[in-house]
Amino acid sequence: MKVKTKKDYIASLKDQEVVIYYKGERVGDRTTHPAFVPHINSAAKTYELALQPEHEDLLTATSHITGNKINRFTHIHQSVDDLIKKVQMLRVIAHETASCFQRCVGFDALNSLYITTFEIDEKHGTDYFTRFRNYLEKIQEENFMLVGGMTDPKGDRSKRPSQQVDPDLFTHVVEKRDEGIVIRGAKAHQTGAVNSHEIMIVPTQNMMEGDEEYAVAAAIPLSAKGVTMIFGRQTNEERKLECGIDAGNSEFGMVGGEALVVFDDVFVPWERVFMCGEIDFTGVLVERFATLHRQNYGGCKGGVSDIVIGASALAAQYQGTLNASHIKDKLVEMLHLAETVYAGSVACSAMGSKTKSGAYYPDPLLANCTKQNITRFIYEISRLAHDIGGGILATLPFDTDLKHPEIGKYVEKYLKGVEGVSTETRIKVLRLLENMTGGTALIESMHGAGSPQSQRVMYQRLGKLGEKMKMAKKVAKADE
Amino acid sequence: MKVKTKKDYIASLKDQEVVIYYKGERVGDRTTHPAFVPHINSAAKTYELALQPEHEDLLTATSHITGNKINRFTHIHQSVDDLIKKVQMLRVIAHETASCFQRCVGFDALNSLYITTFEIDEKHGTDYFTRFRNYLEKIQEENFMLVGGMTDPKGDRSKRPSQQVDPDLFTHVVEKRDEGIVIRGAKAHQTGAVNSHEIMIVPTQNMMEGDEEYAVAAAIPLSAKGVTMIFGRQTNEERKLECGIDAGNSEFGMVGGEALVVFDDVFVPWERVFMCGEIDFTGVLVERFATLHRQNYGGCKGGVSDIVIGASALAAQYQGTLNASHIKDKLVEMLHLAETVYAGSVACSAMGSKTKSGAYYPDPLLANCTKQNITRFIYEISRLAHDIGGGILATLPFDTDLKHPEIGKYVEKYLKGVEGVSTETRIKVLRLLENMTGGTALIESMHGAGSPQSQRVMYQRLGKLGEKMKMAKKVAKADE
Amino acid sequence: MKVKTKKDYIASLKDQEVVIYYKGERVGDRTTHPAFVPHINSAAKTYELALQPEHEDLLTATSHITGNKINRFTHIHQSVDDLIKKVQMLRVIAHETASCFQRCVGFDALNSLYITTFEIDEKHGTDYFTRFRNYLEKIQEENFMLVGGMTDPKGDRSKRPSQQVDPDLFTHVVEKRDEGIVIRGAKAHQTGAVNSHEIMIVPTQNMMEGDEEYAVAAAIPLSAKGVTMIFGRQTNEERKLECGIDAGNSEFGMVGGEALVVFDDVFVPWERVFMCGEIDFTGVLVERFATLHRQNYGGCKGGVSDIVIGASALAAQYQGTLNASHIKDKLVEMLHLAETVYAGSVACSAMGSKTKSGAYYPDPLLANCTKQNITRFIYEISRLAHDIGGGILATLPFDTDLKHPEIGKYVEKYLKGVEGVSTETRIKVLRLLENMTGGTALIESMHGAGSPQSQRVMYQRLGKLGEKMKMAKKVAKADE
Amino acid sequence: MKVKTKKDYIASLKDQEVVIYYKGERVGDRTTHPAFVPHINSAAKTYELALQPEHEDLLTATSHITGNKINRFTHIHQSVDDLIKKVQMLRVIAHETASCFQRCVGFDALNSLYITTFEIDEKHGTDYFTRFRNYLEKIQEENFMLVGGMTDPKGDRSKRPSQQVDPDLFTHVVEKRDEGIVIRGAKAHQTGAVNSHEIMIVPTQNMMEGDEEYAVAAAIPLSAKGVTMIFGRQTNEERKLECGIDAGNSEFGMVGGEALVVFDDVFVPWERVFMCGEIDFTGVLVERFATLHRQNYGGCKGGVSDIVIGASALAAQYQGTLNASHIKDKLVEMLHLAETVYAGSVACSAMGSKTKSGAYYPDPLLANCTKQNITRFIYEISRLAHDIGGGILATLPFDTDLKHPEIGKYVEKYLKGVEGVSTETRIKVLRLLENMTGGTALIESMHGAGSPQSQRVMYQRLGKLGEKMKMAKKVAKADE
């Protein structure tokens, strides 16, 4: 692993020249921009914890290619145990960052392509798998951070890619050359883009005849010519620029940091292309990616929820209500919801199985189950956090009021809770709660790894309704 | 009505010299400060619509004191019809502002004091009711906007007012003089404070022996010496200062605008004091205020929800998903939740009854029912809005990116939805949705008019469990 | 009112010769059959309470035709107050019976036909309204109990009436004669049929061209030649035949008593026909009937829920858990859900309006809102009742075990709860809970007055989504 | 395994002379009584499937004591894989029976005692573990079915065992003799009691000083002198006696069959006593038993839910609504809820760990999580089944009506659904749905393996709230 420490990680980001816009301005050094530093700190934890003996087992693995020790985020799952460790790892890191650490999307892209390129080759006689293994080995060696570039803008969703008025609303190949291909389009909502090294693009949905140019998977350095990243606006994102306590989580991000990544005729050499036109494998690739990504949510959001629960309990303690029976019951409910989502991630891992490629793959129905629950329970956990935290969550004065020479004393005096806890401490905890339960944080839980309806579609496909009808018929003795 | 138009309203605010802090700075002219203008615009609607013939019936009333036409927000309910019109009025105004218009708290304070001062006098031989009528007449004449100042900071909630280490954590009388009283303390989360004329303080909870000094109700001009307002921070509040489309609702506020209102030894003459030491009426006053305020939520939040529903449908239309069956079903669910909360407000009004004072009063159990549902359904409506709106709600670029000479074209191109709708229009609707379904908006629905548990306590008191046990015994023939 | 007392009611039922089957056997005297007595007792309460001074105001009204005092169940609503009293009346009767009293379906059929026949005549120049008024006057005079016969069997629901393989799966006119018409078909799930005097059939859904023969409304005495009633099986229905405490509610029914009413070429004279072929009024008639019927559910089920709540509290008291905080909180939740459904019924009544016929009609959107909540909250109330009641609800021994000479002592000893309450009393209350929260009781709440989806369809039609989209556009300044 | 086949099982039950009462009468041959046959058929599946090659892996195991092949229901879990196979086995059997097969309670009693007796000996120097192993070896050899006798009647729940007016309301030791002990008391809600061979009693809750005599665990043959079983009444239980299609599930039970098992001074020799007075191990034993039992619910109830889902889909198909989008969505929701509970069972198994005794034990927090979800989701699944099934579920005529020479034709004709499916087939499926979603079935899901509150208490103990508060403090930088 070349990039080992947080320092290495930041240095390697600095080495790349990338085009990023934030609030209408081109960003100079992404590693020191106050809007990006929290995200870098979050992602850096995936490097830092790997170096800590107590977390080594979860955060590192042995490469099945080289036998070397690698960061687990670049590993191909070799067993059910690997799948379970992935989930445990995510919860542990979330306990440190209380936010998205942004590295699992690339991780999942690697695993889904590993499985699928093997199968494409098997059917089409292509050599994507070898290419991909070579690429993978390099990533493991470098220990690079990847964005998993799946979501296309999609334009009018009632239309297929090739039916859109603007053909670029789905990312596609606009030219094939001897040395490589030229890509045009964009990937939206790209978590961790501004602090990653490369993006691995994959198709956003099942492609049909006529959509061949949209069936493309490829690895692109974010410093490639023609790549522009436009950072999205998050809830209360400007508080980070203030560097005060109002950011809530001053060190780490709120959720992930998402960018619109535009590909304005970007050239990709063939050795970095892992699918090009094989529409018959787009559906299965999307399903693999989605399953591997949905597997995660009970891990990371379970861990994030643990912090919301802890902060809620602190907020109650600080205002003297922690022993009220209704508060205790609400905390129990939050614990229950967090364990329910975690159980889903563990279960789909435990029921995982070996694919033809040798890589292990979680049970897809249970992975979808996990994500579907996330889209409900994170909202409910947040609702309960607001209930416990109180109206003060919505009306706290500014950090500058607290520190103001004249009125600071009022804020200090009137927002004091129980004895022994300073007003500033109380505000910090409330700001953390606010940070973790608001707009972006909720919406990311809803739509990350696919909208709720996408999981329901999987239930229709994988739910074995026909078998269940047969079993019911037998019990009812309703066979004729 | 002296203050008739929006212009009058703004002029009258300008006339008052008030002490307001925003982000650590003393605000000069509150009527032009970009953080306050949206709130002023919202509250101004209560003046503007009263002048429109189609809304006159709902927004005005005839004073039972003077027989003059007055703004309904200064009216004492004279019938069940008045109670129902209140609710209808709130929904209508919310349709215009899509946010809190901040004038009902003062309205409810007036009505609860009208009822209660009558009863205090009856028992204690005081003359609060006459004083109050005189004050009311003036308010009706001036058509002033009042803050209803109920919520004290409360410090350690496991302790009563007189048990707190700092006796000022509940607002109290620190001195009685011949001409009046001196008040010290603060009122937290004061909706509409910075754009109101006066604050009507009332006790925050039932007071017991030893807490007499905390049993105080009084009307205080916000320009009174010793009053300091510190404006609270809202979700994404700084976007308002940008004056771009990212604010979501550029003209009006998001929710209310809340302030911490500090009383640093404020003198109040006796004619403005409406309770002073009568602890035996604190409980009932709080209950009246709460009931009258909880009555509102199905009106205003029902109206606000209508806009969230409309915006969700627009968002779906703009991305081509409005006809998907799951989208239609989610919109139906939102409609259903909005009507359920509205039904509560209508029902508690329809079941209202006349008090000894002659004023009408909503059914308290049904009013609590309404508010309890709000604390759940607004979250569910927001969750569904996020579901329909899509991940883009959380990752939209900045307004300045859209308008940027170089990258504006990318935003324009890649965030385009269906034909015939510009990217800017789409973004505006998404930003409105974001604005209405995030942190502050949710928390205000949870805790405004009392935390969920406060409604549940009322169920324990008003739910007639004993009677229901008797009826069940009779049916079960379980009487012995 | 000819039929005044319970005695009159029973005598009048005895006077009619009807064909009823119960468990494969023709029933001789329906008024003494142990399966029907509880239902007769329930319905009789609509007669008995009308004679009690304290309930007279709710249970009687003044006929707008004759000016005579009539039973409210035969009244045409003349005001909003009438609409509200209807709801209050339903809750009061439910407190006595803890079950369906079966007379509102006919009541709603009368009101919906009154409104609709007026409008049919206005358009088609027919004279249904006069016929109907004459019929109504007679019913008011006799004080008869009517079944509201709406639901057809429907066969294959993906097909319209005239597309069914068997044309009789929707009730239709098979012959028109000078003196009247001949009806064939059946009405399913007919609540109160076996203890009513007449059935008022109406179309089950909107009819389209080609379905004319299915557009028929008519009043048919249940003793008419060709009418056969087949009583449906209810949950634990045989316990009623035992006449012991295991029936749960020994005196009254569980839910309604439903029958399949078959019309095997039944002749109906023209003066009893109120629609015959006017397909353009089928949709509106169905909507009226449904609205008037959905209005009820917060009244009657609210009242029934009150008994479930009371019984749950008793069950807790008898086992010493009533003061546990989680039990108290569950009871509060049940109270809250009951008030929420009641609020819906009150609200749609309060927002009712006058139709062209002069009759008042509840707000249809809010009536649908009420019923939709019923389909969820009765289940939740039952779930909480089971939670509080304990596993014993599902494993109680037989009445005959309790009274057994040898093992009675074991039951007595080991099912004893707190001191001062006999085991028998405890069992009675638990059996009542079991009776009210099981299969039939739940399913009736789900499907009575229309399946959940039928209310959702109404939201799509009445929810004014377009207006809400316009309002949202305006606020977002998204008009182009 | 001596008892191998269903025939062996029945014969072995016949061999035992037991005292059972059903509906106030002493039962002669329990193996032919129509109320018990369905339960015997259900339990027999645990024998039958073990003989089928395709199920052998799940239903059998290798004894760690003898190395012999044994029925898994008598096995001590030797690995995480064993824990997962337990869950898979439960789902598979439920697919056959659509009801409780009653053998897991004894299974869990064995495992919890295996773990706990080891630890008692370690602390107290007793020899319970050896005794227990000997007993276990015999049970494995015989392949007997055990009841897990935990739940005491408890009387007044606000009082401890020794505080009850009647000391027998908790099962206790009334005499110690040289050869053994004498037991008095009762165990309530004993699933499978009437068709088991032995009962293993264990304490019902944590015992404190003064409650020593209540700290008793022992194995008692159900034929022991002084044991009386009184069978509980289930929803619609008498339909089983009719032997027609109305029973819903004609071959198997509805839920389990529960009995009150009375111990009227029953003598137990010491070799069958596994705890006697060690109050310090009562809490841990209860927790082990509860965890092992709560682990099951996602397996068996997940499997039962699969049948409810299948039957709901059939019901829709038979009435022509299976393709309606709202029906499909409801089926998806049911699938999702079933997988969520299954995921819980898998997850607690996958996270299981080795105890000192060598036996494996599921993660207790996740096991409690599973059961908590069961208490909600089975209700929701049933609600959706009712929604899909329609009102007909509550009003179906009797089997004897369908087969009646005169009116059978009406039932046949009017309850017909789509072409190609007979009315009888349709009714059978609807009766199955009714059977599986009614009173007893729901209540058993609520209270089996402990009431909802008992799981919440475990969250308070195992939820690590303190750790979460510390982690939140760290992120918020709120350490002082």
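The first chain written gets the first letter, and so on, giving A, B, C and D; residue counts start at 1 in each chain.
In this text, contacts are C-beta pairs under 8 Å (C-beta built on N, C-alpha and C of every residue); 3 or more make two chains touch, one makes a residue touch a chain.
Everything numeric in this text was worked out from a predicted model, so none of it was measured.
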- Message: When contacts are scored as defined above, which chain pair ends up with more C-beta pairs, A-C or A-D?
- Response: A-D
- Compare the CA centroid of chain D with every other chain's and tell me the farthest one. B
- Item | Shared interface numbering between chain D and chain C [over half = same, under half = different] | same
- For chain A and chain C, let me know how many angstrom lie between their CA-based centres, rounded off. 52
- Task: Would you mind pulling out the distance in Å between where the CA atoms of chain C average out and where those of chain D do?
- Result: 38
- Message: Using Cα averages as centroids, what's the distance between chain A and chain D in whole Å?
- Response: 40
- Going by residue number, chain D touches two or more other chains at 326, 329, 456
- Task: Could you please specify the touching residues of chain B with respect to chain A in the complex?
- Result: 21-25, 151, 153-159, 165-166, 168-169, 186, 188-189, 228, 230-236, 238, 246, 255, 258-260, 262, 264, 319-321, 323-324, 326, 375-376, 379-380, 382-383, 386-387, 389-401, 403-404, 407, 410-411, 413-419, 434, 437-440, 442-444, 446-448, 451-453, 456
- In the complex, go through chain C and note every residue touching chain A. 325-326, 329
- For the complex, which residues does chain C have touching chain B? 84, 95-98, 248-252, 306-311, 313-314, 317, 328-329, 331-332, 335-336, 339-340, 342-344, 346-351, 365-366, 369-370, 372-373, 421-422, 425, 428-429, 431-432, 455-456, 459-460, 463, 465, 467-473, 475-478, 480
